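Data first, discussion second: the structure below is written as structure tokens.
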Amino acid sequence: MTFGYLLRRLAAVLLVLFIVTFAVFAITMILPGNAAIMILGEYGTPESVAALERQLGLDRPWYVQYADWVGGVLRGDLGQSLRLSLPVSEVVGQAFWNSAVLAVTALVAVTVIAIPLGVVAAIRRGTAADLVIGLFAYIGASMPEFVTATLLLVFLAGPATGLLPAGGFVAPGESFAGFVSHVLLPAGTLGLILTAHISRQVRSEMSDVLASDYIRAARLKGLRERRVIRRHALPNSLAPAVAVISLDIGYLLGGIIVVEEIFAWPGLGRLLIYALENRDLPVIQAVTLLLATVYALSNLIADIVIALLDPRVRYA
Amino acid sequence: MSGAGEPGTPVLEVASYSLSYRTPSGPLEALKDVDLTVERGHTLGLVGESGSGKSSLAWSIMRYLPDNAVENDGRLSLLGEDLRACSPAEILEIRGSRIAMVFQDPGTSLNPTLRLGEQLAEVLMRHQGLTQQQAWAEGEAALARTGIARPADMMRRFPHEASGGEKQRVVIATAFACNPELIVFDEPTTALDTITAQQILELFGRLREETGVAALYISHDLGLVSRVAQDVAVINRGEIVESGPCAEVFRAPRRPYTRALLEAVPRPDQWLGTAPPDPAAPALLTAEGIRVEYGARSWLGRLLNPPAEAFLGAKDVGFAVRPGELLGIVGESGSGKSTMAKVLSGLQDFDGRVGFEGRGFQRRRAFDRAYRRAVQIVFQHPDASLNPRQRISEILSRPLKLYDIVPPERRAARVGELLEQVRLPADFAGRYPHQLSGGEKQRVAIARAFAAEPAVVICDEITAALDVSVQASVARLLVDLQRETGTACVFITHDLNLVRQLAHRIGVMNRGELVDMFDTAEADAPERHPYTRALLGAMPVPAAPETTDPLKERSLP
Amino acid sequence: MTNFMVTRRGVMIGMAAASTLPGLGWAQGTPKTGGTLKISHSTRIATLNVLTNSGPAEYPVMDMVYSGLTRIGPDNQPMADLAESWEGNADATEFTFKLRSGLTFHDGTPCTADDVVATYEAILNPDIPASALSVLNMVDTVEAVDDTTVRFTLKTPYADLPTSTAHTNARILSRAALSGDLAALDTQVNGTGPFRLESYDSARITRLVRNENYYMEGRPYLDAVEMHLFPDLAAETTNFLSGDVDAMLTVQQADYERISSSPGIAAKRVPSGRYVNVVMRQDQPPFDDLRVRKALALAVDRQLLVDIVLEGLGRPAYDNILSPEFKYRIDTPEIPYDPEQAKALLAEAGHPDGIKLTLVASNRPAIRAQVAIAIKQMALPAGFDIEVETMPHDTYLANVWRKGNFYMAYWGMQPTEDATFNLLLTSNASYEDSAWMNTEFDALVEKGRSTTDEAERAAAYAAAQELILRDTPYIIPFFEDVVTASRDDVADWTVHPISRYFYMENAWLDRA
Amino acid sequence: MPEILRSPTGIAGAVLLSLVAVAVLAGSFVAPYDPQAFHPATRLTGPSAAHWLGTDQFGRDLLSRLLNGAPSTIGFGLGATLLGVGAGTVIGVIAGTAGGWVDSVIMRVLDGLLAVPELLFTLLIVTILGGGMGQAMLAVALAFTPGMARIARSSVLSIRTREYVLAAVARGEPGCYIVLREVLPNALGPIIVEATIRVSFAIMIGATLGFLGLGAQPPSTEWGLMVAEGRQFMFRNPWVVAVPGVAIALAALGFNLFGDALRDSLDPRRSVRG
């Protein structure tokens, strides 16, 4: 893994982002309907729609609009939201931090829970603990976010129990207790699926490591099991676990779209759905760019962490 | 601790020990009524082919058996102490301290994420109660005893920063670190190059002298065992068929299996090959100035992919193969010998020129069907060389069809003939590769090559993955086919002894260069290249059994 | 005392109330001043541009921060707002509005007749998108007579002009704002309403605070109003029930029972003229045949629709576009659910083996698809084989709306009969989509709008309704109640059936 | 492949999948009611003798709707996966066998596409295509293609260097013979395993799109849409969301378990060969 390799990978990502945004732009333009029609809704007359199109610049040819947009992005200006009449950077920026808070909470919780679960399952392979963890992993991996979220709502936020708020957002700075109570359900929903997936991966990585020659060698050196697990097995199964986690950030970024919508979390996912519904192209583009960039960066960070964990990669 | 008892005291005793594994298809017997004794200061060589149960015995001694293992009431004792009666905690104390083990492949038996020093020092900390500092100092000393030049530096390295030989020295240092009473060696040199292996064996001999440890040396290689062990036990299908002092057993084997095994060991003085070809005959196939650069790519490839350093697989290699000749190419792994096999069979891009029957080919893509028909290749791994989803009949009839060797209606019959030619029953045609043994598969692969009625067959380590006895029969088969068809052969191998039995001329490759080329008879001549001499030195020829009946040569199981 | 002279010339003259509103609120003792009212809503406040906005949650904000010349009162009649009185000429072609004196915008600048003129010029300017244009297109000129007097001259007689000036998108902006960057209107507010904008976060909370200089002394009572966004309906309800917010702008029918039975909460049903209508284009088969339309009308079980789609929170309608709230509505006979007769009618119209149709519904709001699916089931025994096609709203707006021949529309209540008719049914209606184009009807509506004589007008509108009932231009199965809820301590929480006017200056919190 | 049925995961997966298969193939025939028929008298009821799984807001029988929706829900997953796997395999095989710059270009593009999170990718495609079942299927297939292409390519690459393939190349076999007869049959294993597991993803993504209003549209009985329609009533009758939600999870679970068992049975490390 070299610096040049990282650069090249970033370049490939940028190229594809360019293609994706271009495709989104072109096809959205070809399709009937636009932001002006959506803004005015059924109270729009052809005249007022035309006037709004002029005002928003939607009457220009699509390639002019695209060139304009790309030019803006290169200058660091993401443009103006068509529907919300605010600078895209402002709309997206706020949403981004809200999403980040949720995603990081979920990810940290998952990492803290999933890795030990996977390790325990691998060490206790074939026991009841392994079976329970495996079962949980399978069920978690088979529940789409919206089902989990809905069931959690029914059972934990329903009128019968009312343990937790059914949605909404409180910034950690405003009231930390409020933040925690609001973040539990959405983070729990995201976490269930990720925990399932990651613990399963860690278990299989750990099982492979435990079956390896060097673990056998360590045991045959008479080392105590604790040292064999902690010093020999764990470091070797953590690197693949980090790789899995970084890939799962892709799931997380997808899952966040649904979860935010259901739990009224004012983040990027909900913004994206809103923008998609309203044909708010600059916002769609910005969110897409942002999510893909975050994903690419997190993969990059994971590569670096893996390199730190595994000397073979570090010096290769 | 290892001071207990004089030389000759039994350290390890195995008596009437049997072991089997429970499998879904019934119990699988691994060891049957095994009796063994390893004495102090002695090395017992345990010799067997793959699947003979020799590794199972090692696991039994280490008390490291899978859950599905079933033992009988036989005895395993260390200095009279019953190992089977030890509690798991007691076993933990014994492992690494009183019984140590050296594994086959240092590449996999060392933890890739831990420094070599830590892996060595942890044993000392565990068993001798040393502090970390003491253990590292002690480890350094142990490493120095194994002949590593800068032990302190080696201690700080990770496994991937050390060579195979260095890693195995670390493993050996670890095994000797706590002065054990017994060391189990499980094919410790198989994964190493010939010359490195020789150095490791010398190291082992020296350390044994110094410590007087008892050793169980497991190997498939009779020649090797004859060099390191005082006593030998031959194991076949879980049973010890013969045991005794090395010299005795090798000179006068009592059991047919032992004898067959010994006879299968290649000996340069036993010529198996065909009559030498006419040295004046024009070359059939020539390689001229062949140069292969790995990692060379187009500008686009360089742009899109991380730059990998180019290295040379072959540097200006040139040789000629005469009609009917068997040309041996010898070298260690990475020497470029397989690269040449790929160049000649059109699998590898190259610079230079390949000449065949007066025509020249400058690029891989220039090879036409006529050339490809005339030059066939047989690969190393019998398991990988046949398409698992095709029947033998389909595999063998493919070249017949491709080159239109026989009319379609004759193909089935020809497949039968080919199978007979490689000494396989004709009804194998209906089988799938996984229903065949390794040797049988390799015969099919040879038959596929000869089906094209080629002028040259390239054999790329075709015996390396086979057991000794099978190896010999495959080599003989190849020579027989050569005799019958007059086909020339390029025989690529790392086994100098084997190739000296077969080849008319031998080329030696090292790091991509052809360093030597000589007539087989002149192998021992003093003007040989130093590298050739080093190779020959690392591969002493085992003593032959006294009464060799030439008639029995082909009656191998 | 009633503040509106319901005389022969009542529609022509208006006057400000002395100090309070008509007694239609839910007054609960003496109002207290102070407190913050939190209102939850489920659709975004996407823009604050009063010229174009149309979101359900944008309306209350506009009503709080801006004022118009007039406003629709809880009695559905125009009431004074910035204009303290108005007068039209006899043939309803010229109207004069007299502004209150001393009006100021939130930034302290005075609000004068010139700002009113600037606002209406902007609305009438075809280059500026403005939704109120459709109800003001008869206006010829708007001029400032003096600082507090504005005169409207109309191209055609129009007696309901004071209703048009109450249009929610015809609120008064300052000339300064209109001559600047119009995009600033999306996020900034400089109005004359009882509250001014403090912060605007379209993703979460919009906060409004008391306008100390509101023209009505002592109002508003509240210190602040916060609009909280909950895009998920379940989350909105749960948060309301747990006491996190004080009022729900809109209660889903499915949740009404649960909410109304919760202690400390007052759920309100306001009967409204909001309706779903089935559009059947009459310039092409099969709906060019009246018998097919009548057959479908007979094949809809209206009471059942009210029960299962509206959870009972509405009233069956029988294809009259006017709900009982309208003054000139005539008695409308019930249409029984009679698939047999419908089948017979269909056969008579040449479809003895039934008829295959595709009914298009947009996915927003869900009620369109729900009604469509219910109609599909109800009309099945009558021989209507209807396939329901639900599509995203943007596709619907672009491809189906006002183009398709069989689809579901959904409209809010209009302030007047004239506005209702001119929205959809007259030949030159703003959103004409049925191709009914009945000239007799057009003439009757024209007569009703231009006459100042109440009896004449009643007669014209009655005749117009008879034509609707005769020709069934739309199937209108029900009128949907406006449903809202607030905590018990929220006093004078008023929701108008049109759900565009909220009178938040009167609301107060009965808390210590 | 009876070997699969030796592991508990394989058995559980096979049982679930047979249930799903029965629902898909025979569901419409065994459904007790017309899935669209209203029963106004019994709205939003829990399980009863008349309605085994209860009823929804229109009094429609949930069991009948579930059975009726099985073909579209499962069919969506299978169809999308088949399309995506097909396209991905073709691309992957081209990249894997062609090598050189073709491979480089394809791989760089795939790397980039994989940088867009899957659900985001699907959402974008389905919105620009305009929503609806067919569009959603295409979108999921497109989103699957890069990942499948990668797997197909690596599978092909691992086979391509097998000696029997090299032998065919050395013989001078035509390219199509090598790809179709030597490489593909042996490379299919991992592709089939991945495809099986992906069916469960496809079912979940399809349901999610239905839930978001971008996939199936009313009055479809697609399970994700059923959850979406039932959400308004979930506190009054949890069955309206629980029934289709659990059905989705069980179907996905079936494919997950079966795929894993398939993977294990193809894994040479675990295969038991006489």
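For clarity, chains are labelled A, B, C and D in written order, and residue numbers in each chain start from 1.
One rule holds in what follows: contacts are C-beta pairs under 8 Å (C-beta built on N, C-alpha and C of every residue); 3 or more make two chains touch, one makes a residue touch a chain.
Note that this is a predicted model, so its numbers are computed, not measured.
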Of A-C and A-B, the pair joined by more C-beta contact pairs is A-C
Taking each chain's mean CA coordinate, chain A and chain C are separated, in whole Å, by 41
Cα centroid separation, chain C vs chain D, in Å, comes to 46
Whole-Å distance, C-alpha centre of chain B to that of chain C, is 89
Touching two or more other chains in chain C are residues 234, 258, 392, 395
For chain A, residue numbers touching 2 or more other chains are 31, 153, 158-159, 261
Touching two or more other chains in chain B are residues 304-305
Chains touch one another in the pairs A-B, A-C, A-D, B-D, C-D
Chain A contacts chain D in the complex at 9, 12-13, 15-17, 19-20, 23-24, 27-28, 31, 138-139, 141-147, 150-151, 153-154, 158-159, 250-251, 253-255, 257-258, 261, 272-273, 276, 284, 288, 291-292, 295-296, 299
Residue set of chain D touching chain A in the complex reads 108-109, 111-113, 115-120, 123-124, 127-130, 200, 204-205, 207-208, 211-212, 224, 227-228, 231, 234-235, 238, 241-242, 245-246, 248-250, 252-253, 256-257
So, in the complex, the side of chain D touching chain C is made of residues 36-38, 40, 43, 57-59, 130-132, 213-214, 217-219, 229, 231-236
Listed in rising order, the residues of chain C that touch chain A in the complex are 44, 46-47, 49, 52, 54, 126-131, 133-134, 182-183, 186-187, 201-204, 228-232, 234-239, 241-242, 244, 258, 364, 392-395, 397-399, 401, 409-411, 430-431
Interface with chain C, chain A side, in the complex: residues 31-34, 36-45, 47-49, 51-52, 54-55, 80, 83-86, 91, 94-95, 98, 153, 157-159, 162, 165-169, 261-264, 266, 270-271, 274, 277-279
